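These notes concern the structure reproduced below.
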Amino acid sequence: MSDIQYGRIIKDGLWEQNVVFAQMLALCPLMAVTTSGTNGLGMGLASTAVLVCANVLVSLIRKVVSAQVRIPVFIVLIATLVTIVDLAMNAWLHELYKVLGLFIALIVVNCAILGRSESFAVKNGVAASAVDGLAMGLGFTGALVLLGLVREFLGAGTLFAQASQLLGPSFAFLEVQVPGYGGALLMILPPGAFAALGFLLAGKRIIDRKLAEREAASAEPAAA
Amino acid sequence: MTPATLTAQTVASPHAHGGNSVSRTMFRVQLALLPATLYGFWLYGWPAFFLWALTILSCVAFEVLSLKLMGTPRVKATLFDGSAVLTGWLLAMTLPPWAPWWVAVVGGFIAIVIGKQVFGGLGQNVFNPAMVARVALLVSFPLPLTLWVAPLPMSTLPTPDFVSSLRIFLTSLPVPDAMTSATLLGHAKTELARGIDLATALHAGPDLSWIGMRAGSFGESAAILILCGGLYLLITRVITWHAPLAVLAGVAIPAAIAHAVDPGRFLSAEAHLLSGALMLGAFFIATDYVTSPNTTTGQIIFGLGIGLLTWVIRSFGGYPEGVAFAVLLMNAMTPVIDRFCKPRILGRDRKGKPLDIPENA
Amino acid sequence: MNLDTLRDKLGYQPLLLGIVALLASGALAVVSDATAPAIAAAEAKDLRDSLSDVLPAGLADNDFLKDTVELDRDGKTVTIYRARQGEALKAVLFKVAERGYSGEIQVLMAVDMDGRTLGVRVLKHTETPGLGDKIEVKKDNWVLSFNGKSLLDPTPERWGVKKDNGVFDQFAGATITPRAVVKAVKGGLEFFTAHKAEITGQAA
Amino acid sequence: MGFMNLFKHFLGDDWGVHPDDRKRPAADRPLRVMPVPEKLYLPLQQHLGGPARPVVLVGQQVKKGELIAEAQGMISAPIHAPTSGTIAAVTDITAPHPSGLTLPAIILAADGRDEWIDCQGCADPFALDPVEIGKRVAAAGVVGLGGAAFPSAVKLTGAARSKVKTLVINGGECEPYLSCDDRQMRDRAADIVDGIRIMLHATGAREALVGIEDNKPEAIAAMQAAAAAVAEVHIRPVPARYPMGSEKQLVQVLTGKEVAAESRTFDIGIVVHNVGTALAVRAAIRDGRPLISRVVTVNGNCANDPGNVEVLVGTLAEEVIAFAGGLKGDGIGLARRVMGGPMMGMQIPHWRVPVVKGTSGILAFDAQEVAAQEPDPCIRCGSCVKACPMGLLPLEMSARIRNSAYDEAVGIGLKDCIACGCCAYVCPSKIPLVQYFVHAKGELAAQDRNKLRNDATKKLAQQRQERLDREAREKAEAAAKRKAEREAAAAAKAAAEAAAKQATETEGESA
Amino acid sequence: MIAAILSLTVLGAILGIALGIANKFLKVEGNPIVDELVDLMPGSNCGQCGYPGCVGAAEAIVAGTAPATCCPPGGKALVSAIAAKLGLTVDLSALGDDGPKIATVAEELCIGCCRCARVCPTDAILGGPKQIHNVFREACTGCEACIEKCPTEALVMKPVPVTLQHWVMPKPRLA
């Protein structure tokens, strides 16, 4: 296990194998939460925390767990972790909990977390799993924030509304209001989430194609 | 001659064609829409004309843009099939006559890009593009989309001239209160919500009119002219009677029953039939080839579904009008209807098993 | 000991799953124990904060969270918090609910002893964002327009939105939501008037 | 579109299409008989089933009507010399087939004398045993002249065996442009009725229903006059509608019975023959003459002088056209060459393709007639569904075939498609629907062939393995045997030596 | 609290037993997908793929150690069939396949050495010693095993000729 390429893992998590844009997982929390960039950020960070912990734990016990009971074991682990996060936030980060409370429990059913446990942590060491969890979590957060921002901007004409409630008053500068634009309500509603996600997916594919073309173009003279 | 050079251009039979074409069909539908459209211009003046023209223009522009972006080689052929023009036209017919310019542009974008091209272009869309745009606009911008202007020949104010019409269209300034008016359905819904009996409410409310002397969308007002267009389409065989009749029946039957039971709570069948987008929906939207079932049985089910849902939404839903929502819901059902309503294959029973061979034939 | 051979044994599965379940529930028990007081405190603070939101500052000096009376309203129990200055009852706070455009709207209101509203806040709602959510004080000052209103001011037939010839504004594009809130507040005032004796504890 | 059609359209009883029939003026021109050409090209397969096997040698002299290729297999038909002459070659020529591929044919150089061999006619066919009639029809190489070219004798004897009650005679000729059946019904009505009576006798059917589309009033009148005296032959005008001439549709309109899928008309007591076939059967029985000529319609906007021509089988289309007045402007503006009708006929690559027994028309189309255009995307208008006479969903089938989901297409009825072309005819997007279906059927057949071939290969490989094993085993056994023999010999030798030694020893001892 | 912990633990143990038992009794032996692939393959066990026969190749493809394109006699058709079955995406254009080919004997070069006939996996080559050999078109699978055995290069691979019986109407160009 010495030949783990951390760069590869990070790149996969953030872009190539992005939970939302490449694997199309975790769409339920995605649709429910991304009515604003702030919500997306909060949910993303909470998910990242759970993802890292779950990956580390699963990686630790991977040699003990037998194939027959691995899914119940993972599910119990993840549910426990989420409940602990939920309780802890409620107790000690109460203001943040008021913004995100509804969505924390949703992390249990986030298939991306079980998915990473099944496909990565169970096969790799603790360090690699932690990095993978972090990269995947940040990729997920990025996607949530991006989709939240798009929907918020088109739907309400604001950016990062209420960010100061999540991150503290010093982040109030993030909050932007477009003057004179009332917003298209559809984008805040669930159908808007699907439409926006569709266009973002198309955008990623276009970027990927452009990147592949550039790579091919730069590889050619080297080969010749 | 070698076989290879010969096989290059193989064409199967038939070697004759009936002469029907996509563009001819689209042209006929547009022709059928013309009387109601012209009448709409007369009712609502220049702003309605600007809205109509810009909606069509933006639909065509977005069509060209999408085709260019997708790198389709047949931009011209696809453009001249007239489908984008028709989508824009139908959308414009359902908009409030004095809606501002950006409604037309955003509507064109939603109809063509989101409603049609994203699904793969002509023939591939699941939902009727014009109705997708109509619903998306209504949900997104409820304010300008529910601002109805009274037909000008009925209003006390003079008709705006060309320049002031342009100003109304481009600046989206609020329309003076004296010119606005509620639609019959909207009025009934508001009064009912206040707990006022319909019999009393309709005394003061807008009248029913076969010739569009009431507030409403720019192209929907004159039920009689829409009906004429529909009959023209029936006679030229562009559409069949199944879907339109089913839509009208689907609204009229429950409406008549409910009205007979409780006239204070439910509008009459006539009021339903002559209101909102029902006539337009029955003859021009429910008959959309792409998004309706293929078989006549399927079309009847589809039409009844639209009618019934329209009545349910109008009577119990949050919005006063429900044709567009009903159409979209039934569009989503179309593949299911198509799956279960197949024509019987000659020589087979409905399940596809060969017929029994009679013993003593 | 060879794990590989052990893992496929029949007894291994229940043992493993049992241990994991034991550890998980144990961990949860510990965390739950550790967080319970903090959560209770935070929630009490929340309630106090929201209650004091509708209650003008300095009106009460008691811990009105503890001074409650429970009444039955249409089959549901309503908890009424009583704010006192010294022994004198100054105001009561309670929640009312009404069906809005899409689901229930929960409203917290404070009423003084003359039946005047001291403050109204929407606690919870599922109205369309951007359209019906102007009833939140964060979005709009609209709910403040209830301050100082009573059942006689305005007169009962004027207790409605402007579209229904009332005194309260409606928002552009949404009539149902403000109508529901107005109805809720009016209902709350009627409830207060009807049960004033029980609330003040004079009946008891 | 008459008012009645519009009414039917509203009722939904609207299968098939109503193409402009374009039969006149060709149908009204008198039948012309083409003289014997210099060379005749006779493909060995002019019928459904196994190809015929040549029984003549190159250079051999044959007389008109002489057997030159015999039937091979149960479903096949022999071929006879259409005129007297010398066999010039047996070689590959371009087939009357859309692929433009070649197929083996006998080339006959005419000697101009046009000498018949001795024909064994029969004065009273009704005295013959039905089985004998079947044999004679088979020997005369008669095939269905409506287009499919199914060997007629197979149908006649099959019908007799399955106790058929009704003989349906197909005078529908629903294909536009074609009028060869129309012309023959006008000119040879009495002979046709005679042929029908022979067929009634051969099949054992009680009555014959002759269905003729109502756009051929002259033919109906002529046939009614000829059949007036024959009680068991009924002339039944049917509405002109394509594909009325399709077996299942005609049977349904005439008898009200529906032919079950995956079965034949025999199963409901009906057999269907073409009017032209009736004439050929009559000639085969009454005169003992084999099928060596047929009537062909030359038509299309590019044809100078459209009309019907009686030609010998094997005549090149080129020569038929030349005889019938040639092409306008020597073929300028010619867009497509078609053999058969416009709806189901096939495009041919050039005119040097012979007329075969099933050729009903030679059509020279200009661009305006074929209306070839780039297909547009399907708009799901459902025209094809309404037009399909079989009740299929052409748009759904073509969409699946487009994605190569052939099995799914079969699941929704591809096998029931009769390739009549109604769907493609009405399609506003001009999608070549029939081509999709023909392609899919070919592809499925190819897959079946591949599967058979794979199984055969596996069997071969297995047999080879068994053979190798057996050989190895035999070799081993032989080796073992040899070894055993050798050992036995050695043991015997050793024993003998030992014995000898012992003998000497004992001798010595004893000595 | 104790009750919650205990009940969860017992529940876990019971579920574990259930899963263990299910695993014991519902186990699927062998891999059915391999058999399906074997059915698709030519079945001549020619060995061009480098695996022991078609079964070996099928196992390797299912295991992912061999590409779907490893069978030359199967050609494009086989590759797409395998890809469809396994849900793979395969670049067909890389496969230089121009239709099925079979071996043919150039009669003027054949010396009748019988070497080719001995290696043919389907016994498709016929011919006695010192006689010109012939290939049965229907039996040849195009495995090319015979080609390199021929001392005179009399065996060449040629495309299977298209006949009227084998012709398939081309698919219409996509609109």
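By letter and in written order, the chains are A, B, C, D and E; residue numbering begins at 1 in each of them.
Methods note: contacts are C-beta pairs under 8 Å (C-beta built on N, C-alpha and C of every residue); 3 or more make two chains touch, one makes a residue touch a chain.
Protein identities per chain, from UniProt: E = Ion-translocating oxidoreductase complex subunit B.
This is a predicted model, so every value here is computed, not measured.
Novice: What is the set of chains touching both chain A and chain C?
Specialist: The common neighbours are B, E.
Novice: Under the touch criterion given at the top, what is the topological distance in steps from chain C to chain E?
Specialist: Minimum step count, chain C to chain E: 1.
Novice: Report back the single chain whose CA centre is most distant from the CA centre of chain E.
Specialist: That would be chain C.
Novice: Once every inter-chain C-beta contact is counted, which two chains account for the most?
Specialist: If you count contacting C-beta pairs, the leading pair is B-D.
Novice: Using the mean of all protein Cα atoms as the middle point, what chain has its own Cα mean nearest that point?
Specialist: Closest chain centre to the overall C-alpha centroid: B.
Novice: Averaged over CA atoms, how far is the centre of chain A from the centre of chain B? Could you give it in whole Å?
Specialist: Those two chain centres are 41 Å apart.
Novice: So the centre of each chain is just the mean of its C-alpha atoms; given that, what is the distance between chain A and chain D in Å?
Specialist: 66
Novice: Roughly how far is chain B from chain D, centre to centre by C-alpha average, rounded to an integer in Å?
Specialist: The answer is 50 Å.
Novice: Give, as an integer number of Å, the spacing between the C-alpha centres of chain E and chain B.
Specialist: Chain B and chain E have C-alpha centres separated by 54 Å.
Novice: Listing for chain E: what residues touch at least two other chains?
Specialist: Expected reply: 12, 15-16, 19-20, 23, 162, 167, 169-170.
Novice: Please output the residue numbers of chain A that touch at least 2 other chains, ranges allowed.
Specialist: Within chain A, residues 68-69, 72, 76, 182-183, 185, 189 contact more than one other chain.
Novice: Touching two or more other chains, which residues of chain D qualify?
Specialist: In chain D, the residues touching two or more other chains are 98-99, 101-102, 374, 376-377, 429, 432, 435, 438-439.
Novice: Let me know each pair of chains that touch one another.
Specialist: In this structure, the chains touch in these pairs: A-B, A-C, A-E, B-C, B-D, B-E, C-E, D-E.
Novice: Please name which positions on chain D make contact with chain B in the complex.
Specialist: Within the complex, chain D touches chain B at residues 6, 9-10, 12, 17, 19, 94, 98-102, 165, 176, 248-249, 252, 257-263, 267-269, 336, 338, 340, 342-347, 349-350, 363, 365, 369-372, 374, 376-383, 385, 388-393, 395-396, 412-413, 416, 419, 421, 424-430, 432, 434-435, 438-439.
Novice: Which residues of chain A touch chain B in the complex?
Specialist: Contacts found on chain A: 182-187, 189, 191, 195, 198.
Novice: Can you list the residues on chain C that touch chain A in the complex?
Specialist: 3, 7-8, 12-13, 16-17, 20-21, 24, 27-28, 31-32, 34-35, 38-39, 42, 45-46, 128-131
Novice: Inside the complex, what are the residues of chain E that reach chain A?
Specialist: Touch residues, chain E against chain A: 12, 15-16, 19-20, 22-23.
Novice: Chain E touches which residues of chain D in the complex?
Specialist: For this pair, the touching residues of chain D are 45, 95, 97-99, 101-103, 374-377, 401-402, 429, 431-432, 435-436, 438-439, 442-443, 445-446, 449-450, 453-458, 460-461, 463-464, 467.
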